[in-house]
Structures are given as structure tokens and as C-alpha cells.
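Structure provided below as C-alpha cells; questions to follow.
Think of it as A, B, C and D in the order they're written, each chain with its own count starting at 1.
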Amino acid sequence: MPLNLRGVFAPLPTTFDPASGDVDPAAMAANVTRLMSSKLAGVLALGSNGETPMLDDDESDRIVEAVRASVPRDRTFLVGAGKESTRGTIASARRFAELGADAVLVRPPFYYKAQMTADALVAHFRATADASRVPVLLYNLPGTTGFTLTPPMVAALADHPNIIGLKETSPELERLGTFTTFGSGRFHVLSGWAPVLYPAIAAGAVGGILAIANVLPDECAKLCEAAAAGRHDDALARQRELTPIAQLVSSIHSVAGLKHALDLIGQHGGPVRPPLLALNDRARDEIAHALAAFRAGPHAA
Amino acid sequence: MPLNLRGVFAPLPTTFDPASGDVDPAAMAANVTRLMSSKLAGVLALGSNGETPMLDDDESDRIVEAVRASVPRDRTFLVGAGKESTRGTIASARRFAELGADAVLVRPPFYYKAQMTADALVAHFRATADASRVPVLLYNLPGTTGFTLTPPMVAALADHPNIIGLKETSPELERLGTFTTFGSGRFHVLSGWAPVLYPAIAAGAVGGILAIANVLPDECAKLCEAAAAGRHDDALARQRELTPIAQLVSSIHSVAGLKHALDLIGQHGGPVRPPLLALNDRARDEIAHALAAFRAGPHAA
Amino acid sequence: MPLNLRGVFAPLPTTFDPASGDVDPAAMAANVTRLMSSKLAGVLALGSNGETPMLDDDESDRIVEAVRASVPRDRTFLVGAGKESTRGTIASARRFAELGADAVLVRPPFYYKAQMTADALVAHFRATADASRVPVLLYNLPGTTGFTLTPPMVAALADHPNIIGLKETSPELERLGTFTTFGSGRFHVLSGWAPVLYPAIAAGAVGGILAIANVLPDECAKLCEAAAAGRHDDALARQRELTPIAQLVSSIHSVAGLKHALDLIGQHGGPVRPPLLALNDRARDEIAHALAAFRAGPHAA
Amino acid sequence: MPLNLRGVFAPLPTTFDPASGDVDPAAMAANVTRLMSSKLAGVLALGSNGETPMLDDDESDRIVEAVRASVPRDRTFLVGAGKESTRGTIASARRFAELGADAVLVRPPFYYKAQMTADALVAHFRATADASRVPVLLYNLPGTTGFTLTPPMVAALADHPNIIGLKETSPELERLGTFTTFGSGRFHVLSGWAPVLYPAIAAGAVGGILAIANVLPDECAKLCEAAAAGRHDDALARQRELTPIAQLVSSIHSVAGLKHALDLIGQHGGPVRPPLLALNDRARDEIAHALAAFRAGPHAA
């Protein structure tokens, strides 16, 4: 069965035990089990929402195992595998493939950003795709890395048989639109920016990997469907309802905001790992208010 | 008759006499007469494509007069009126209203960008809108100014009775989407970035002010219609055909590229004013090639 | 007599009549007369501190005439002449030379920043220097323009017989240090950033054009002398005393701050032109406090 | 014996076996032994020049052990201990203290840069300093992190009894100058930018941690002495000679450039870890040429 990348994916937050601060894979698995009763296409473990740069290898592996056991085979299980070195990235991709990842999402190295030339990045992604036993998704996240994967770089990679697409985490849609023309139909682009999901699909994206999908999975899936079907008024209305709460759990309050929203709906959110800070009362109120406003609207599930 | 802002506008390049370097209003008027036989909603004089920062006041006035005489009353005639000082901006807006502008487009001052706080910018636009005899369109062009008009600033201005909308010249569509929710339906947002016209309309824009509309006016208008009607496949195909030539006459080769494309189609392009440089041969070939490719495609008019 | 660029220059704020908002050249001349009793090397009219982008040509000319009449021939009189077009810049340089400028300071055009390639900028400055009857100083002000004049560009210009130096308005001293190695000793670099005056001289600068020199001219001149003489402890102590008040009248509160400081010492400050805003009470208090602190210190004149 | 931070430190590149790509601590130790016969104040292991983000914990520990064994007790041994999480940073700081570090250099976390508010960063550094058994040096490296430690943040940390200073890796000297006024004389600032070493000392720094010090240790130490002694002409001449080769082994060609320079002088440079790329022939020639030019100059040791 070919891998499905169309639709909406939830990038899972990593759950920590409030007392010890250790990872709590069982709580994550419980979150996943609920999400798998929705119309989501799949989940992503160990992305930016997973506080991955703060986990060690053993913690990462335990999370992948727990999530794998909770995702049915007809959904897609993505795992973030990017590290600063090429050898570390390849090692992660191989380990996660063994642990059951359907594909790996690989962010570019960015500590040495001035050295991350087109040649360096293309060689890094090619070496990773050559060595990985599962398909590779590229990851463009300029707000984190401080640079962008450009159309020429992605064009040089999109025909690699083991590179199947790209996640673009930004509200900049000209570049995304160009990416969607690559790869002769077998290269798929997913947006990582919920407030532009409909515009991104208008630009040619096939779906999204969206923090808010952890909270409102079916609502995100329906927006995606409306956009892909060209139901302009419906998609625009759904987008405008979703945007305020989506912003609060991503660009505005980030992982701490997402975890608080999960707590509010009875799922496992819990603490973030320092130096990330817990939300203050005002931020918590904003999220509660926006979630209530969404639920009082016409498109709540 | 209320002012129409829906659809596509051409931001006119200012035509210079090749021998003297002086403005040539008659050549501009000839360009406008051709455009007015298309489906464009109107034109903009003295925008960024008009090399406006390099014109003196007398040159500006002569251009406005010449264009006004060539735009029928059922199309919309916009004129750029932004200056660095509030008093200069007000003086320009008043002069252009007298010369027949239907509305003025006002870019933010940006020489003293660190001082252009929300308070300073809101006061500037309010004073301009209070004093102008014709409606005011805000202008967000972060690539030029180095900052953005933010949603809180625009929210503070969108209910002013003489502020009717905003032009957003960027491929960033989250902010644009938020702007489209302001003003209770009487505040209109136009995109200034042709490669994201369809996504911008998906985000709630009512049209665009697009350099490429000087060259391919009906093709731009049809893309706009397809997007607004939710014909996803048609709009996406038209966008993908238009994007390469649109990029060449805006972000890549700017005004010199636009003028060369006009020369290629038998309109009045001509030289740019230094320090802008004439295109080299390679750039000219790129534009000729992209224009030919567009015309060989399925959606050329 | 060769032009002297060593030492400290005051970039004059333009004085406006509080009632009419019109320029008040007589008040400016009074400020200059006081400055000319200090150890300053000269003054600059129509720089960024002069609110120049908000003045029209007639206002500019009247200012140059008034200041010229107040600067003795043994001091250096610089005038800012940069415009967006090459022809406008040349016209300004010629007019100011006729009105008595000893040299002109030319900022790069920056409205079309993406087009301001090395070729475009070098051609612009060369054409200006070829046409100007007085020597030209280049002006690097990346905080305003959004780009920098790079060492290769400046190297291509530093040997032009009518280009005598560069003003660098930034705290970045690697680039400044490189500039000081150009021109075989006849190309002089002045810092426009008072909080790094001593480090800039350590990097090879010959002096500065500093807003705070309008307020504390002799104190700036003495710091410059201590730095050039290698009196490390003295220069460092003077720099540390000067920096807080210098920051308040430049990067922090800009021209409005500078004008308030002038009002406090009994000189002609007065209002700024909108969209620049008047200072609030807290800012005014900060400046008064810092000025009093400086004057209570060991190095007040 | 109190820890000495005055003078010049070499940030050691990590040596890899060319065949296996594994770390080669013995080669590093040999490099250190040579450096310890110079006038350097000490060395830094596991900084940015050490390719640290690409090392695993075991590799890091082996390097610290090998270097410790090669640094005499009268020199200062610094070790980089920054990780993305506070708990990871504390664990590293403790482990390196046990392995013999005299102090640890802690870079700010920056993956979640939008969340790295003043509160988050101050809490992170305080928790680290509270828990570390050896003193902590803050590390400001905006070119890598995309943000800066600001004067208010550093002021809040400079009085912590276990925070002894800051390394500023940038050519921006206003901020550095402000940092040098903190901590009542017990907070020391070191520059990480060789092309502004003399200006940084003019701004109040006590020395530098400089890639080029691996290659030209005594020459860097003498420049530092000349600057601190106020020998302006000598320091400026030495700075100008050092800058071109220093730029080639840091900002221009980074770690690969530094390693090639070490190979050229018969020390252990060797390969970099991918995605860092080996230098091309032109880059190698540039470095060889600049090194030869330096050695032919008046200040080579």
C-alpha cells in the first residue's frame, strides 16, 4: 500500500511526567488513540511540537515505540529524524524505521547556518535518503533555522526516489507553490502553518501537519476537504474560525499553549521542559476563551 | 457610484524619453488606453512600479493628468501619494484628488523606521485619511520598508470612514488573511504579489494590483475570477502558468523587467532611471522565453 | 587648504517654528554659532538628524545658506545630498556646492533595495563623484537602508579622486576597520555611532559625526583625542560616561531626543515633524537625568 | 588560585580520524601541547569550532579528558556545556566539572527562539549557574542563535556569584561595551571575533577566544597586550595584519578553514564532519596565501 500524505496530520507533543520530568510514553499513546478515532491521515512523532531537541536518544526511541503501537496500519506514522550531523541523521532514520516509522521528516542542520550552502544541504539530504529504509520528507522551517530551502535545492532533491515530499512551516506561499510543481506528481507538499491551510491548498499543497489538529482533528480535516473541493465560501469561513485558536497553540504560545489546550479538553498535555516556560494566567485564559468561541461557532464538530 | 476595488489593477510603469530621460506622459497614456480595452478593474499611477521615489512633484502631476484622461469613469483610478512627512503626504493626496484620482494609495514612511511605532503610523494614516478628499488605501510593502503594518495597527485604522482597504505586497498570507476580517465588509484587501494571487483570494483578498497585469491583463483577470469562483483546478493551473513570467517582471527583474516585457509586446516600456540598471542580455532572454512559453500554453488570451 | 575630516562633527537637527511647522534657519544658525566656539572639526547639515527626507528642496537650500553663513572657513561644512535617483543626487550636490558646502555626504538610494546591487551602487556613486564640484563622502547606514556598502564596493570607489571617505553609522566595526585600509591614506572613515567612538578609532577611524556632539561638543572632541593618542584608561572612562546620554539622543529617542536635549541646555531644539512623535514625559525625564549624571561626572567640560 | 580570563584563548577544533570519521582525542591533545608552549591564557574545548553539535556525549567526554591531561594547571581550561534543555545543560556542566573543566561556557538554547524570552533565558542561565560546580561564562553568538543576549538580561545575571563573564561572538561592539560595565569588576568579557580584537579591548574586553589563536597563538597574545597597553599604532598595525587570515579561518571558511590552516602548519587539522564540506582548491589557496603573507610581514613570531 503506497504511503498516504493527503490530508491532515497531528504533530504530537511529547508528554512528561509532572513529578519527575521524565517522558511519559503511555500518556502520549492515550492521546494518539483518541486521535485515531478522527479523520486525521496520521501523526508525526518527534517534530518541533514534540520538544525533540530536548530529548535524548533513549527517550526518543521509547516515544516512537509507544506511538507506533497506537497507530493503525491504515494511517501514516511519520517520525522526525533530523540531527546536526549527517551520520547522526542517518542513524536516527534507520533506528526509527526499525521501530516502525512509515516515513521520516528531516529538518536541515542549522547550527552552522553560514555553511549550510545549497551543496551542503543537498548532499546531506541525498545521503540521508540514500541510507534510509523508509521514505524521507524534507522539512523547511525558516523561523527555526534562519534560512530556507530554496526552489533550486528542492528541485535537485525532488526526483530522488526515496524523497516523497516536503513540509513547509511558514505563511509564505510563493515558495510552497513552486515546490508543489516538482517531482512529476509524486512529490507532495504539506503545510505546517494552520492559519494558511486553505491558501496553502490553493497553492497546491495536499494537506497539513498542524499543532491544532491535536485539539480539533475533525475540524482541521473538514477544512482541508472543503479547500481541496473548491468550496470557497465554506473553506474561508472554516479557516477564519480556526485561525485564532490555531495561532494561540502554535506561533503565539507554542508547545506550552498546545499542551494547555489539550489539558482543557481532557487529554494529556502537562508540563513543558525548561527553558520553555509554563503559561501565565493571561495566556491560559486566552486559550480557554478562543476554544470556547470556536466551539460556540457553526463549524465545531 | 461606489468605488470598485474587486478584480485586478495594473500598477503603471512611468515612461521616460530615451534621449532626455524626462517623463513621457503621452507614452504612458497610450499604454493605459490599451489596458482599458481589457477586463482590468483599473490602474494605479505613481506606485513602486512607477519609479515614483525618483520623480519630482511636477513630473508626478503631469503623469496623473495624462493617465486620468485615459481612464474611463467606470474603471478605478488609484494614485500613490505616500511621502516621508505627514504634511507632504496630505499635500500629495489633496493635489492628486484635484487632478482626478479616485483614491490614493499611501505607503508608510520608512526612513526613520525605528521611530515608526504603532502610534506614529496610526497617527500618520489617520491624519492623511482625515485630510484627503478621496478614499485612502493603506499599503503594506515590507520588502521595501523593512517593517510590516501589523493586524493591531490595521484594526485601529480599518473603521476610519475614509480608509477603504489595503494593498499587501508580500507572499505572506497569514497577515493578509487577518486583514480581510476587518472593517465589517467595507475594508478590502488587494494582493500586490502575483505568484500568490489565487492563494491570496483563498485567504479573503478581493483582487490584486499586479505588475504582470500591464502585460497580460485579461489573463490576470481570468485567474482572479476562477479563484473567486472556487474553480480550484482551473485557478491552480492558471496560477502555475502565470507565476514564472510574473516573477520575472516583479521580484526578479523589477521595473526594468516589466518595461522590457512591455517593449516585447509592442507597448511603451523604455529605459529605467538610474541607479536602476538596464537588463543584461541574459535577463532579456529569460523574459522573452517565459513570455513565449506562456503564450504557447493553454490559457493565453 | 585641504579639507579636514579628522575629529568630531555635529550633524545638525533642522529647527522648525513651533507654530507654523516651517523651517527656522535662523534658529539653526544660532545653534551653529555656539558649536563653532567649541573644538568641533565642523558640522553636517541635511543628514538623518536633519529630518532631511521630510524637507522640500527650497527648505533644504535655505538651511544650507543659513548654516554656511555661520561656519567659519577653518571648519569643515558637510551637507547631505543623497536622493533616490542619480540625477537628483547630482543636482543636489551641485546646488549645495554653489551654496558653499565643502563636501557632500551621499547616502545610497534604498527604495529599490533588491536592485541596489554592487554594480548599481558603484555606478551611482561614481556618476555623483564625477559630476560633483566638491568632494564626496560615502554614507553607510544599514539601520536605515536595510543593506550595507560592502568592502568590495567601497574598494571600487575609494580611489576615485573626488571620493574622500565614508561615514559608517553602525556599531559593527569589522567592516569599518576594513574600510580604513582603503585609499592609500587619502580615504578617511568617520563613525556615526557615538557609543563606539573609541573602539572605532581603535579600528582606524579618524573621528565621528555624532548627534551627541550637538549637545556636548568639547566632551566628544576630548574623547576623540584621548582615543587617537592611545590613552586607554582615559578614553575608556570618557566613553563609558558619554555612552548613556549618547544612546538617548540617537538610537533610543532619535531626533526628538536630540532636540529635547538641546532645549534642556538652552539651545534651539523644538518640535519634530510628524510622523515623528514628540517625546513622552518618561523619555524626557530619562534624558534630563542622563544629562545631569554626565555633568556631575569627572569629565564634563 | 582565582581563574584567569585575561588574554587570548584558543577554541579547539575537534580532530577526527580521516578513515573512520571517529573523534581522535590523541591528535587534539598533540595540538594542545603545542599551544601550551605559547603565551595563550588557555583553551576552550567543545565550542562552535569543536563541531560540538555533531558530537555525542561519549565523544564529548573523551575530548574533555584528553584536553584536560594536556593543559597545565596555570592555564585556564574552558569547556562548552550548552544544550537545548536546562536539565541537559546542567548535566553537561556537572560532568565536565568532574572531568576537570575550570569553567563552562554556556550558549543559549535557540531551537525555540521565539520562546527564548528574557524570563526564559535568565531562568535557564540561573539554574545552570546554581547547579554547576565550576564557574559559568555566558555565550552570546547571534550569528548562530538568531537573537542576542541583551544588556538587561546580562545585567540580571552578572551579579550571580557563579557567573564570571561572557563571550561575545560578533563584530558589534556597543553591546559588548555595555556588558563590560557590569558586575563591579568581577564580570569579564571576552571577544570571539578576531577582526575586532583591538576595538573590543578598547570597548573594555579583557581578551578573546579566537579561532586564529589555534594557528598564531603568540601573535594574537601580542596584539592583545598592545591593545591593553594603549599602544595604538602597534595594535592597529598588528590588527590589520591579523584580520585577513583570521577572517579566512572563521567567518569565511569556518571550521574547515581553521583545520586546513592547521594542516598547513604541521598540526592536526584533518576532515570536518558532514554536512560541513571540505574546502575547494580555491579556498585552500586563499588560506595558504594569506598565511604566507602574514608570515612575510613585520609581526610574525
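Here is the rule we use: a contact is a pair of C-beta atoms (placed from the backbone, for glycine too) under 8 Å apart; a residue touches a chain by one contact, two chains touch by 3 or more.
All figures in this text were calculated on a predicted structure; none of them were measured in a lab.
**Q** List the interface residue numbers of subunit B and of subunit C, divide the shared ones by all numbers used, and answer same when the ratio is over half, different when under half.
**A** Mostly the same residues.
**Q** Taking CA centroids for every chain, report which one is farthest away from subunit D.
**A** B
**Q** CA centre of subunit A versus CA centre of subunit B: separation in Å?
**A** Measuring from centre to centre gives 36 Å for this pair.
**Q** Going through subunit A residue by residue, note those that touch at least 2 other chains and give them in order.
**A** none
**Q** Does the chain-touch network form a line, ring, star, complete graph or other?
**A** Graph shape here is a ring: one loop, exactly two partners per chain.
**Q** So in the complex, which bits of subunit D are touching subunit A?
**A** Counting only subunit D, the residues touching subunit A are 21, 48, 53-54, 56, 83-88, 109, 111-117, 119-121, 123-124, 127, 143-144, 146, 251, 254-256, 273-277.
**Q** Okay, in this complex, where on subunit B does subunit A touch?
**A** Subunit B reaches subunit A through residues 171-175, 177-178, 181, 193, 195-196, 198-204, 227-233, 235-236, 239-240, 243.
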